[in-house]
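Please go over the structures that come below.
What follows is chain A paired twice: with chain B in the first complex and chain C in the second.
This part shows the complex of A and B:
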């Protein structure tokens, strides 16, 4: 095996893992800090993608379309939390069912608003050469984006007042309330942030994955499994799981076939859940 | 919106039945109006409504008005069988127009066979369906690939890489690529069959570069696989490696893909909106009046249009909508001046002899037709399936090995 092939496999597998992490982080935050599995996460991603697409269509440059998408999805996320999620605290299966249904509603709403095909925005046609292999620049840049995103969420949770309140609300809910933290407001914020992260993912991945009403489904399964395998330590756990499962699947796909890559992903998931039923991070001392 | 229209047509169908002032013929329709497959289903259903309206405007079938009983299969297989049963048992339909995926066709084909109702399947597909009651108006994989591969090898070179979805449409199409490559003295240097949910094509793109092909036969199905074309172009490979397809454009992928990625991609199908003929101009004018110009018409819509007109012609010829006589009329070598050229229903195989067009993506998310192969035969289906000599055949033929 030539060195240049190995180098491209390494880089693009890292980029695959990063794309998975970008798409999953919002789900991980909501699950880790609220104990809510948001099955409409993929649809929030789709809403982000369409928001960014619409923004570029009305003339906003793409870099400005991304914050627009984040703002839209946060707003919708906060509304959903107030109207639906709030009523279902502690009922994890009911929440899953409600968000699953919500996802269907979003999906069909997108069909009605945008139709079934929308023009893509295309990927920057930059590429670079490693030996005999040429690689597109944009997907590789996602490695950097994922790192920044992870650092941002870590900072938000550890170095801001909101972050401390959010962690307090989930770790010691009664104590948090006793010292005057309005945990329901904190939860609304957390859910909105989770949705905003999904919106960011949809917008930043738009050049790679074109906006379609059903795009949420592509990430629903793998994102969900990543979060479940990661377990209670949402951030570090998800990052490591995305790297291991997503990256591993991509390496496998490069040397064998994409189908074997998928088999690797799901077999590893099953194996890890068998070894760590509560997720790989169940016994970690870290909290984030 | 389409749901509403569906309901309205259902309701109007019911009111018409209850008043029963006019003699009428009911036909069934099951398409995916919602869910992931509706990029095809909505247009198929629109084409059906348009075709029925045009048949009725021309005096209906044997002087009777044709009424549609429509269902939305919601991109779910189980809904197909459920609605097919309902249509047969309750609605009393004279013909059925339904289905997009091969699995949906195979799920409901036995129901119409059992009920002896002509069933029209209108989508490009991997080929090989053979059943007395089933009529296929889309093109088959061998029909498209036979002309495309010859063109592609001549224009790009003999080293071929296959990128296809990992189910029967992809694998059978892959088989035909191997077969034609052998006949043309070309070589398949690599292949990758991908799940429909794959969004990351970096591994495929590396393997393509590692095997150094002259052309890639890309058969992306669904929204996620459209991303392959974008990623392939962004890696800078489009200029050195040709990309040909038998389904690029069938779901208006050329609109989704950016112009940079879509320009120069080659597709071979039974219809492109840029076909130049009077029949197509008329058809497009009627379509645009009814549905506007937002999305280009896909091949599957024209396949439905042709199916309805062939059925109506057969029923008029037979002078009745009785299934046996209509099927006999359909097997009489019917031709129809379709938007995509003259089409002929092959009596033996129940497939269409039709023009196959090779088109190249232009810089404005459209297609420019670069070659027309008139009156292309469904070779494989004609070879394996003869329902005149063998009317009891009910098979889905797949090529050996």
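This part shows the complex of A and C:
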């Protein structure tokens, strides 16, 4: 096997893994800090993509469309938290069912508003060569975006007042309340940030994955698996799991078909869960 | 009269409804009969989820996977056999049910034998369905006359044929409806019987308190896998009926929209009621039938999504659950008896007799010993190389300040915590790595710090399920449970729900359950908490009598209680053995006083 082919496969697999991480991070934040699995996460991603698409269609340049998408999804996320999630604290499976229903509502609403097919926006046409192979620049740039996103979330959680309150609320909810942290407001914020990250993912990935009402599902499924395999230390765990599983599945897919890649992903998760029934980070000492 | 009707409501009303459906099936409009057949099939699918979720406590989102797989297999078999032999049902249904059960058992083995977290299990089951959805899109294969064509689906599935041979014709819609109602009724009544059998009682206990069920010695993993397999069988059977009804299948049977419907049926009807899913499917089906033709038709998914949110938030008990609560208000409350509970009076003669009989059946008392047992949580080491032997004769008390590692030591012995080092022996049997239920089989009986009782069950049922774990025999379990019940002086509270008891009474019930196991080693964690002075005296008598027949280890904070036990006392401090002796020597020991009062160099 030639070196340039190997490098190409590795680089594009790393890029797929990064894309998975970008799409999953919001889910991981909500799960890690609220203990809630948001089954509508994929649909928030879709809302972000459509928001960015609509913004570019009315004339906004793409770099400005991204913050618009983030603002939209954060707003919707905060509303959902206030109206639904808040009523279901401590009932994780009810929360899952409710967000599942919400996802279907979003999905169907998108079908009604935008139809099932919509125009993509062109990918910046920059390519570069590795040996005989030509690679598109934009997907490779996602490796960098994923790293920046991870660093941003880490900074948000460790170096801001909100982050400290959020971590306090999840570790000792009663103690956090006793020292005056309004944990329900912190939770609204956390949920909004999680949805905002999903919106960001939808918008930044728009040139690669065109907006369709069901686009979120593909990512969401892998995202759910990534987060539960990661376990309680959601952030670091998800980063490692996304790299391992996403990269592995992508390598498999590039040698065989994408369906085989999906099957590989599922079987690997099943195996990991067999070995670590509560997630790989169940016994870690770090908490973020 | 009404109480009897209430307790048999799940038998009588479904019987009336099924009878009426059969009687009037001929009079229905054929098109309505055709559509209504699908509602009954969806009810059956909902029933499969109710078995595993409402009863087993595991929210499985893989029911449509078993349903779809059963449907595909049933269809392939029906296509190949029915044209020449007729009788499509006989070929399709059993094979689909067995297939559904096998797939569910395989998935269940993965989930339950690895003791996967609840969230992990649910997500894995969901992705299993979605994986099938993606794989079947491109999956093409010809099996005999059946052509599975990826997203083109599988067509030419014969209808429901009851006749034999080539000439047999498929049933007309009305007869097909009657046939499906009959099959569903049979499945429903069998499921109801199963859920009320010993198997169902244990499944219920697993849902209510999985740890306690295992502490009674039941191999919970087996029951969970079996229950899941049964639910898979029901789903597979429903899938085959659906294939014969629709004459066509495609991968959308594995879709999210399809999967979403199942919990909706269950929640609308009432979780855990078994009959509820049928009602739920009927309500949802009828609504979309009469409303869906018009403007709302395209928005079914939108409406269903909203319905699911509202159900989860506002009507968690569903239709039948709400009806049941309403009905119960007009029935006498069996929990009233909890208020006039008598005092517990331990009769040592009766207890001696029970315990010596237990010794005859279960063998002599065993020694429990630990050798360098070690357990750590991150930087905290609650059990630090503890070596100690416990023998029958006199009770052992473990004392020590909060955080000394007393409860952790007991939990390590029981297997709730897995030790990282050292060995734990029951006589000469190394049980360091044994499963919890296995240790209970070998003779351990445990009461944890918090009283663990099955709150939804009655006092008698609680004792019975514990006795049944050992005797494996209905009559013997009845007898043991009755004797312990009488000894605890709780005859009047026999039919009271355990959750209605006071904290002290729950402690007694929990201890009673441990006695029902006839354990050879008894571990009690703070048994006197929440008891009155009189009750504590009775408890002391009970523990002393118990120690004559078995090995007893008690963790306790109540020093007066420890003194009355007149046994060996071991002081633990920061996970280490700190001091030993009888209570009076320890009282005079300065170091022990230091760690309790937090002064001096030993802190």
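One rule holds for everything that comes next: the second predicted complex is superposed on the first by the 288 of 288 C-alpha atoms of A that agree within 3 Å, B and C clash if a C-alpha of one lies under 4 Å from a C-alpha of the other, contacts with A are read in each partner's own complex, and residues count from 1 in each chain.
Quick note on the criterion: a contact is a pair of C-beta atoms (placed from the backbone, for glycine too) under 8 Å apart; a residue touches a chain by one contact, two chains touch by 3 or more.
Just so it is clear, the model here is predicted, and its values are computed rather than measured.
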So, after the overlay on chain A, do chain B and chain C clash or fit? They clash
Check the residue A:217 against both partner chains and state whether it touches chain B (first), chain C (second), both, or neither. both
With both complexes overlaid on chain A, does A:259 touch chain B (first), chain C (second), both or neither? both
Which partner chains sit in contact with A:109 here, chain B, chain C, both or neither? Use first/second/both/neither. second
Chain B or chain C, by number of chain A residues touched: B
Could you tell me if A:228 is touching chain B, chain C, both of them or neither one (first, second, both, neither)? second
Colliding stretch - chain C into chain B, listed as 290-298, 326-334 or 506-514: 290-298
Doubly contacted residues of chain A, that is, touched by chain B and again by chain C: 108, 112, 217, 221, 259, 262
Which residues of chain B touch chain A in their complex? 1, 34-36, 38-39, 42, 166, 192-195, 197-200, 202-207, 209-210, 223-224, 226-227, 230-231, 233-237, 251-253, 255-261, 294-295, 365
Could you pull out which chain C residues touch chain A in their complex? 59, 110, 114-120, 122-124, 126-128, 130-131, 134-135, 138, 256-257, 260, 263, 267, 298-299, 301-302, 304-309, 312-313, 316, 378-379
Quick one: which bits of chain A touch chain C in the complex? Just the residue numbers, please. 37, 84, 87-88, 92-94, 96-98, 100-105, 107-109, 112, 217, 221, 224-225, 228-229, 231, 259, 262-263, 266, 269-270, 273-275, 277-279, 285
For the complex, give me every residue of chain A touching chain B. 5, 8-9, 12-13, 15-16, 19, 108, 111-112, 115-127, 132-139, 207-210, 212-215, 217-219, 221, 250, 253-254, 257-259, 261-262
